[in-house]
């Protein structure tokens, strides 16, 4: 897919919680085609301590409204600056980068999208995409506490939404992999993104139930386009770049201890 | 429109702007963003006699106005380059230079020999300054003796243009430059990365899997510029300057200090089209100051 | 509230945070902004046997995340210090250390001898690494032989705490550190500035009157940290780390790498109260991680 | 004078021309006493390329309104960022720094304040101060062209205003020192700030007419408080710091070739 360097303009910055912001970007031009699971490398202007671009998942893309959504979790100075963007400001992005989630081969496959923390970001667009292609979508979203479970109604547009919180303030108490859903039903496909321990737990469950599992990694990156070789993960084929051969990997390809 | 052509050793460049090894892949990674044939030269990834897996992840740490890397020369080896990459890059209308590394002198020589026969590779850049591999690499570039030995051996095996890339992690870089000039290097390029380190204080662990790594980006520019100035005073062969160049003004600083050409590395990560902007910016500068040719500003610093 | 006390050689510090020579004047320049007695130590300006005018203006160039300086040891000489400055600083409740420079070994020795008798000066920092003077200065710090010679001579003349400040402009800084340890240095401090350069492209002239100058600030932090790590592995005497420290997290990186104390230089220019913030930040870190004493984190890096 | 580190808030950012901005700062606390000729070291946040503070003259201080005025001329990234400040933003300053202009000993002295370019900055407050202390004030302000002669009405509050422009679009055509005023009248005191060639020309005229002349220098600075010794100028007493023993110097003290 052809990559672009685009200056998009901020249409809205929605404060979802003290940590999470939704940046809605738009453009005078038609946005390019992007697949679920892909990401952008965002240039952060106006932060003295942010030198490199920041990789950010495509949270959602609305071709009708010509909107690109980024979900930003404030971690350090770069994401802090992004969370301060105001309507009308311009943001420079390289996109679309990386590979994408693969949809199930069988049209009647049961799929579960498991997200934790900021890892929910690529799942909204994936859910929308799967629904559009006729799949029945289930989301399982986990967070530490209620306030970090954001935008649930957005997910509900595309499927059933199940939640867990570690403190029990919303949904079932515990970690995502402890949700009763996983005891009751059998899923054929798992798509997951979030903290590594969470993804490993999902992968373990998938292996056990002989399901297919794709994970999206968040290795630190410098270039985002396969030039620097900084972002590698170890796979059955040796070190490969997460930015070009990922961020989505089938767990059978990774050398994870699970 | 000033004349941007410049010859460096046996190389003819359409302009003095090249890309630095390890930061521009094989060029193709950037082809969506710019017309590769506009660049003066592309120095491709560090290439070794056999395939290397490089260092474990994490390999990167952001630092103030810079970054540390510890890639460790991951590459598929020179044969893979010749059979699979060369065919895809050989027709790009620019100078494709291969950056060559090794753990022993023999490895350097063998790799250089294999590249000698590639018609559309007009030169190699000998990396005697990589801080990210345990054996060889930087060690060769930090003493006159070992630098001379490896250059002498490669010079006998390699007939086309030979650029030697110097390490900044030395007391006196001019001394090393003079040593490799004496062994027949056609030009020297500098600087490779400065050895640095970063620590994650919450985990109390080094950020990089290798503890230390190579610092690049604008943070190192003042040091790189000083070294280019020192080396340009010392040697007669052309000097290629790099280290932290982000824009045309930075590039012109290096040329005024004595560089005949420059390379752009880390800046490509922030702006994939930076090389084109630098070429255009140099041209605009020459026009504005009424210089006919880019050669007019090489070493033109008034002190 | 963790215990921040730390002994370095013969010095007793109430906390590991000192100010770097040449960046904090004699302390008094900052007294409107902070309580000087809260700082672990103040290293005052570079002092020489006779008054020096320093280098011509311009002496400063801003660089990405850093600055170049070419002050060149402007000071009124050691006698002026003893007669006019010492009386005004001697009662500040902190360690006042004098940074000593010279063009010859004799000058170093003479200056050190004169300072030996000042009751409230518990130590000196021997600057064998100043890149901004034509003779002596950095030259002493870039070879083991000359570094040994000057330290040996000063050690005979000076009985109190002797810190030796090392130059980063060398191939192997551990080697120099071992050499000065062998001659009886009580501790080493590193790094002094990296030699750098800046050019004004419009004027086609160096920005600094001296062409090259010393680079400091966060740009150099990764290099400084790597050198502190290397030296701390090599020597048995305490290491004082500096170079680009802007906040408590930076300071803790140096201590984890093996520094027993740290100095803050350029950061004072951006925030005159930075030392206090770093002291408080180290304390908060120790509390948060349940360390009783700052000594628990010295060299505590897990590799 | 005691120095402070203060966070002032931007009350207004007046665009005076494409190059010049007037930042009106205020504070919940009473502003400290500042003398004419003194300056502040301003921390520039949110510019990736600005590391050190920027020295900026006190343009004017209004104790009644508790307002501090800074006149900003956009030169590079630091001043560009300052010129983008919006009302409500906070600015961190060290102040008051440096020495000050000395008022004439004789109450009936005739004084001329000569400014060029951004060098007009300290002269507004100096003029106000002199007027308040009973002096008859004359301003001679020069610029390249009409658009760079800004805020003339502000100066008129405190004295007579004469102008020159190099292209003759306002006032007399030429350089300040070519203004007819200098042929007609004799001034006892000159206070000047601006480009060095202009200040030297003023100094030359003052020497010739045996007037007293104080100039304000704009050497590059790192600390602004006498700690780093980067900002020195050569004087009859050797190298002295412009940030503490200046920025204002009597020309007889400088080693200028005039």
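In this document, chain identifiers A, B, C and D correspond to the written order of the chains, with residue numbering beginning at 1 in each.
As a working rule, a contact is a pair of C-beta atoms (placed from the backbone, for glycine too) under 8 Å apart; a residue touches a chain by one contact, two chains touch by 3 or more.
Treat the numbers as computed from the prediction; the structure is a model and nothing was measured.
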### Message
Considering only chains that satisfy the touch condition with chain A, which of them also satisfy it with chain B?
### Response
none
### Summary
In contact with chain C as well as chain D, sorted by label, we have none
### Task
Find the chain most remote from chain A, comparing centres computed as mean CA coordinates.
D
### Summary
Distance in whole angstrom between the CA centres of chain B and chain D is 47
### Query
How many angstrom between the C-alpha centroids of chain C and chain B?
34
#### Entry: chain A-chain D separation of Cα centroids, rounded to whole Å
54
### Task
Could you list the positions in chain A whose residues touch two or more of the other chains?
50-51
### Message
Can you list every residue of chain C that touches 2 or more other chains, as numbers and ranges?
### Response
61, 63-66, 217
### Query
Based on which chains are in contact, what kind of graph results: line, ring, star, complete or other?
ring
### Task
Pull out all the chain pairs that touch, please.
A-B, A-D, B-C, C-D
### Query
How about chain B: which of its residues touch chain A in the complex?
22-25, 29-30, 32-33, 45, 53-54, 56-67, 69, 71, 74, 217, 266, 268-273
### Task
Using the touch rule from the top, collect the residues of chain D that touch chain A in their complex.
45-48, 50-51
### Task
Would you pull the chain C residues touching chain B in the complex into a rising list?
61, 63-66, 68, 142-143, 169-171, 194-199, 201, 204-206, 211-212, 215, 217-223, 225-226, 229, 244, 246, 249, 252-253, 256-257, 285, 297, 300-303
### Query
Residues of chain A touching chain B in their complex?
2-5, 43, 49-53, 94, 219-234, 238-239
